[in-house]
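Down below are the structures I want you to see.
Two complexes follow with subunit A in common, the first pairing it with subunit B and the second with subunit C.
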Partner chain A sequence: MKTAIKLAYRNLIGAGLRTWLNVIVLSFSFVIIIFMKGIMTGWDYQAKTDMTNWQIGGGQYWHEAYDPYDPFTFIDSHAPVPAGMLEEIERGEAMAQLIVQGTLYPAGRMVQVTIRGIDPAQQVLQIPTARLDTLTDDIPALIGSMMAKNSRLNEGDYVTLRWRDAAGTFDATDVIVTGIFATNVPAMDAGQIYIPLDTLRAMAMLPGEASILTFRESERQRPGLPGWKLMSKPELTREVDELIKTKQTGQTVLYGILLLLAMLAIFDTQVLSIFRRQKEIGTYIALGYTRQQVVGLFTVEGSMHAVLAALAGAAYGVPFLAWQAKVGWTLPMEASEFGMAMAQTLYPVYSVGLVATTVLLVTITTAIVSYIPSRKIAKMNPTDALRGKLQ
Partner chain B sequence: METTGNIISIKGLYKRFPMGKDVFTALHDVNLSFGTGEFAGLIGPSGSGKTTLLNIIGSLDVPTQGEAIVLGRSIGKLSPRESARLRKESLGFIFQSYNLLAVHTVYENVEFPLLLLNLTASERHKMVLDALEWVGLSPKIKSKPPQLSGGECQRVAIARAMVKKPLLVLADEPTANLDAANSHHILQTMEKLNRELKTTFIFATHDEKVISYLKRKIYLLDGRVDNEELTEAI
Partner chain C sequence: MKTTFVTLIALFAFISLHSQDAAEILRRVDANLSSENRVFESEMTIHGKRSSRTITSKSYAEGNSRSFTEYLSPASEKGTKMLKLEKQLWIYSPSTDRTIQISGHMLRQSVMGSDLSYEDMMDDRRLTEIYHAVVKGQAGMDGRGVWILELTAKTADVAYQRQLMWVDRERYVPLKQELYAKGGKLLKSMELKDVVQVQGRWFPTTMIYKDMLKQGKGTEFRITNIKFDQKIPDYIFSKASLKQ
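Let's look at the complex of A and B:
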């Protein structure tokens, strides 16, 4: 094996430009696969972190009727905060939100919104609810930047808000936008308006009630609460996992095409080698190699493209990947249009496992592609090979 | 020249090749033996069977019928691994078109057979330098075959064949691509190695220059031994 590696290395280096062209194509595969997978890992990490910080905390209790995808459930999805959670809310380790369906009338237009009653003093989520704690006589409201853009609202603007209370009566009032925040979590921005919890409770005639309870601590085993559904962090981030998995499947096609191109080059080189180097093959056999050993030599030679590609890829890939990890990859389109927690700039995250798996995958694929045409050598007649007679 | 003991014994050897629906018999009932240190040649026109016989002796091919015993091993009964081992350890080959590894240097070409013998780097280094000195190519150690003349390439091939000091060297038309001066130089080199190292040389040739150096001439015609001449006591 050591001899085969030494010979294969000499043959490859001796082949010059042909080798380096293959190596460069293959090294692109390495770098692009690692980069794209790094982006996915980074996105996954960023999405979950942002969701944790802005939306789900360490997990939530949902009122049993609450379904975030069905606003009609909001009418019934409220209940008094369970006694077991009050102390935790008091300590600032949990927070309650009351969710009511409403309509906003910015500049005469009508926009369906979810009104979220939230404690201005909460510190479980990163939503800047302190902006709701003002001295104004009006009802303060907080909105996300996407919502502000879509409804053309600015800080200080008054806007009419309509809602329906527990008795089924519609009511309306003007609220003042006291803050606009930017977040990567569209679920907390698009179509959402935040007002103080106690204000909303009074408006909806639901004193002491809430729709969801968000807690900070995700590690602790939590008891079930009657009338409430416990939603753990993994359950709440499952959609992100599934979406990323879908994206990864799409990317696998891209990797496949890249690898296919590189493998075609290797395969072509191997086939060409076996036809052009018949005399050499015969010479190896005459000098003491078995045909199987020559097959091994050619397979090692082909596979070594992957090793050289890994080294070449490292030479330009490591600085490139490190630079990307630092500056990130800015999406050419509005990230909010993706409808999920996605930053405008994604920072790739690389792991030893990712690099090792990619190198292994490409090397094994190269070895297989190198072996397939090399098998022909095993059927060669050495005396014909020595004469360079096409077989 | 003195020789001792038979290293090759060929008895009733036939070699047949399928040619479409027919069978072509390349060797008919060949019976020969060669002793250690011989400088012999298989002489004959194209198609006389000399290369086929050389290939069988070199365990690159097997007899269809009969027996070829080389260095105590019956060629027809060797497994691929055993015949590779025989070639690796005991045989050297010199080809008409040199068959050097073009991308390797002169040093690496000569070193190749030693790599297969798993010798240490220092042992290999010494042996390669010795072999290159025998053929007078020490100054060309870093050159690659495309940078050498035909005569120099064939000298590299001789060094490669001789570097492991094999018991038997098989040379197939070694001067066919060389001019007269280079041919004589090559043949003198091989004659010297035969004399000094007691290596057995068997040529396949129809070149008069080569024939003039041979101590034993075996004439083949249509796959049969037609005549044999000794120019020196064996």
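Let's look at the complex of A and C:
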């Protein structure tokens, strides 16, 4: 085996430019696969962390009629906060939100919004609700930066908000924007306006009621509450998992093409080597090599492309990947358009497992591609091969 | 003391009389506007920022619970039909040849981008059933004498808790309405014009709705033909009629 590796190395280096072209193409596959997979892992991590911090906490109870994708359900999705949750809310380990559909009129335009009543003192989510706790005669409101941009609102602006109370009667008032926050979670920004929970309860004539209960602790086994749906963290982040899975499937096609190019080059090189080196093959067999050993030699030679590619890839890939992990990859389009928890700049996360799996995948694929043309050697007639007779 | 007592009695009697008058005015307004059923053709002009568009339709309405509308123009809307039965709404689109059921909450949405919601169009409850009325004063409007009525909701499930209504003193038809939010903000205004006599009742055939919180010139709703208390066949208010 040691001789085979030594011979394979010499042959490869001897092939010069052809070897290096193969190695470079293969090294691109290494670096790009690790980079793209790193981006996906980073996105997954960032999305789930941001969702936890801004939207879902450790999990939620939804009122049984609540459907976030159907604003028309909001009118019926509210009930008094269950007694079992009151103590947890009191301790600051959970929080209640009341959700009401409304219409905002910034500069005479009509914008459909979701009004979220939230406790200004809550600490479960990172929404800076403390900014609702301000001295003003008007109703303080908090909005996200995307919402502020779309409705052209700034801090200190007054805007008319219209809603219907529980009985269906219209009401409207001017609210003052006391804070604008930036978040990567569009569900908590686009079309959302936050006002103090007790104020919204009074406005909607729903004292003590809520639509969503968010708790901090995700580990604890939670009991079911009558009239409420328990939504665990994995259920609430399923969308992110599904989107990433879809993206990964799309990316697999890209990896496939990259690998295909590299493998095609290696396959061609192997076929050419076997064709041109028939005398050499005959000599090996004449010297006592079995056919399988010669096949092994050529397979090792082909597979060594992957080893050299890993080394070459590491030479430029490690600094590149480390730099990307530091500065991140800024998306060329507006991340908010995805409608998912996605930062404008994604920071790739690489794990030992990711690097090892990629190296193993590429090396095994290269070994298979190197072996396939080498099988021809097993059918060669050694005498003819020695005489250089083409077979 | 005696003077104060007499003044209070007089004031109470005045308010009571005015309330009674107002209730009677409202009853007569109801008599003009409300009916067992109605069949009408209309033109709705929606004034946008850059352009206006007009939609014509034919509607059959029975009280507050059943109505059927077929859009006649423009070409893009022609053949679209809407059926409302109680709190359910179905819309038939000829381009897809499909009927879609829409949740009752959808009734609160704008009709074809206008300043009117389906609920606004279909709410035919008698004003006397849902509002207390008080005469606030008298004035002139477009050469006609009017009473200014203040209406306050009797029940909780009324979209507008307070209204001001300018009612023609001779014909008992509102010429203008202002609809207020619970908090007192003016939400919508309606101008009612071109009052004609149909089957012995006075009826405004042109209504200009304006969402006061929104920029724009509002929506003009013109009734080109109306008949009250007709015999409407039952099949009109069935889902089968959507595809006919």
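Here is the rule we use: the second predicted complex is superposed on the first by the 391 of 391 C-alpha atoms of A that agree within 3 Å, B and C clash if a C-alpha of one lies under 4 Å from a C-alpha of the other, contacts with A are read in each partner's own complex, and residues count from 1 in each chain.
One rule holds for everything that comes next: a residue touches a chain if its C-beta (ideal position, glycine included) is under 8 Å from a C-beta of that chain, and two chains touch if they have at least 3 such contacts.
Bear in mind that the values here come from a model prediction, so they are computed numbers and not experimental data.
Asks: Mind checking the superposed model to see whether subunit B and subunit C fit together on subunit A or clash?
Replies: fit
Asks: First (subunit B), second (subunit C), both or neither: which does A:M110 touch?
Replies: second
Asks: Identify the partner contact of A:F72: answer first if only subunit B is touched, second if only subunit C is, both if each is, neither if none is.
Replies: second
Asks: Is A:F170 touching the first partner subunit B, the second partner subunit C, both, or neither of them?
Replies: second
Asks: Which partner does A:W323 contact after superposing on A: first (subunit B), second (subunit C), both, neither?
Replies: Neither: A:W323 stays clear of subunit B and subunit C.
Asks: Output check: A:R291 vs subunit B and subunit C. Expected answer is one of first, second, both, neither. What do you get?
Replies: After superposition on chain A, A:R291 lies in contact with subunit B alone.
Asks: Thinking of the overlay built on chain A, is A:L386 touched by subunit B (first), by subunit C (second), by both, or by neither?
Replies: Once the two structures are laid over each other on A, A:L386 reaches subunit B alone.
Asks: Would you check which partner chain A:R162 touches, where first means subunit B only, second means subunit C only, and both and neither mean what they say?
Replies: second
Asks: What angle, in steps of 10 degrees, lies at subunit A between subunit B and subunit C when each chain is taken as its C-alpha centre?
Replies: 150
Asks: By how many Å are the closest C-alpha atoms of subunit B and subunit C apart after the superposition?
Replies: Least C-alpha distance: 72 Å.
Asks: Touching residues of subunit B toward subunit A in the complex: what are they?
Replies: 51-52, 55, 58, 60-61, 80-81, 84-85, 87-89, 93, 95, 97, 99, 101-104, 108, 112-113, 115-116, 118, 144, 160
Asks: Write out the stretch or stretches of subunit A touching subunit B in their complex.
Replies: The touching residues are 3, 6-7, 10-11, 13-15, 279-280, 282-283, 285-293, 382-383, 386.
Asks: Once bound in the complex, which stretches of subunit C touch subunit A?
Replies: Where subunit C meets subunit A, its residues are 103, 105-106, 108, 153, 156-161, 179, 181-183, 185, 187, 211, 213-216.
Asks: Of all residues in subunit A, which touch subunit C in the complex?
Replies: 70, 72-73, 75, 103, 105, 107-110, 160, 162, 164-165, 167-173
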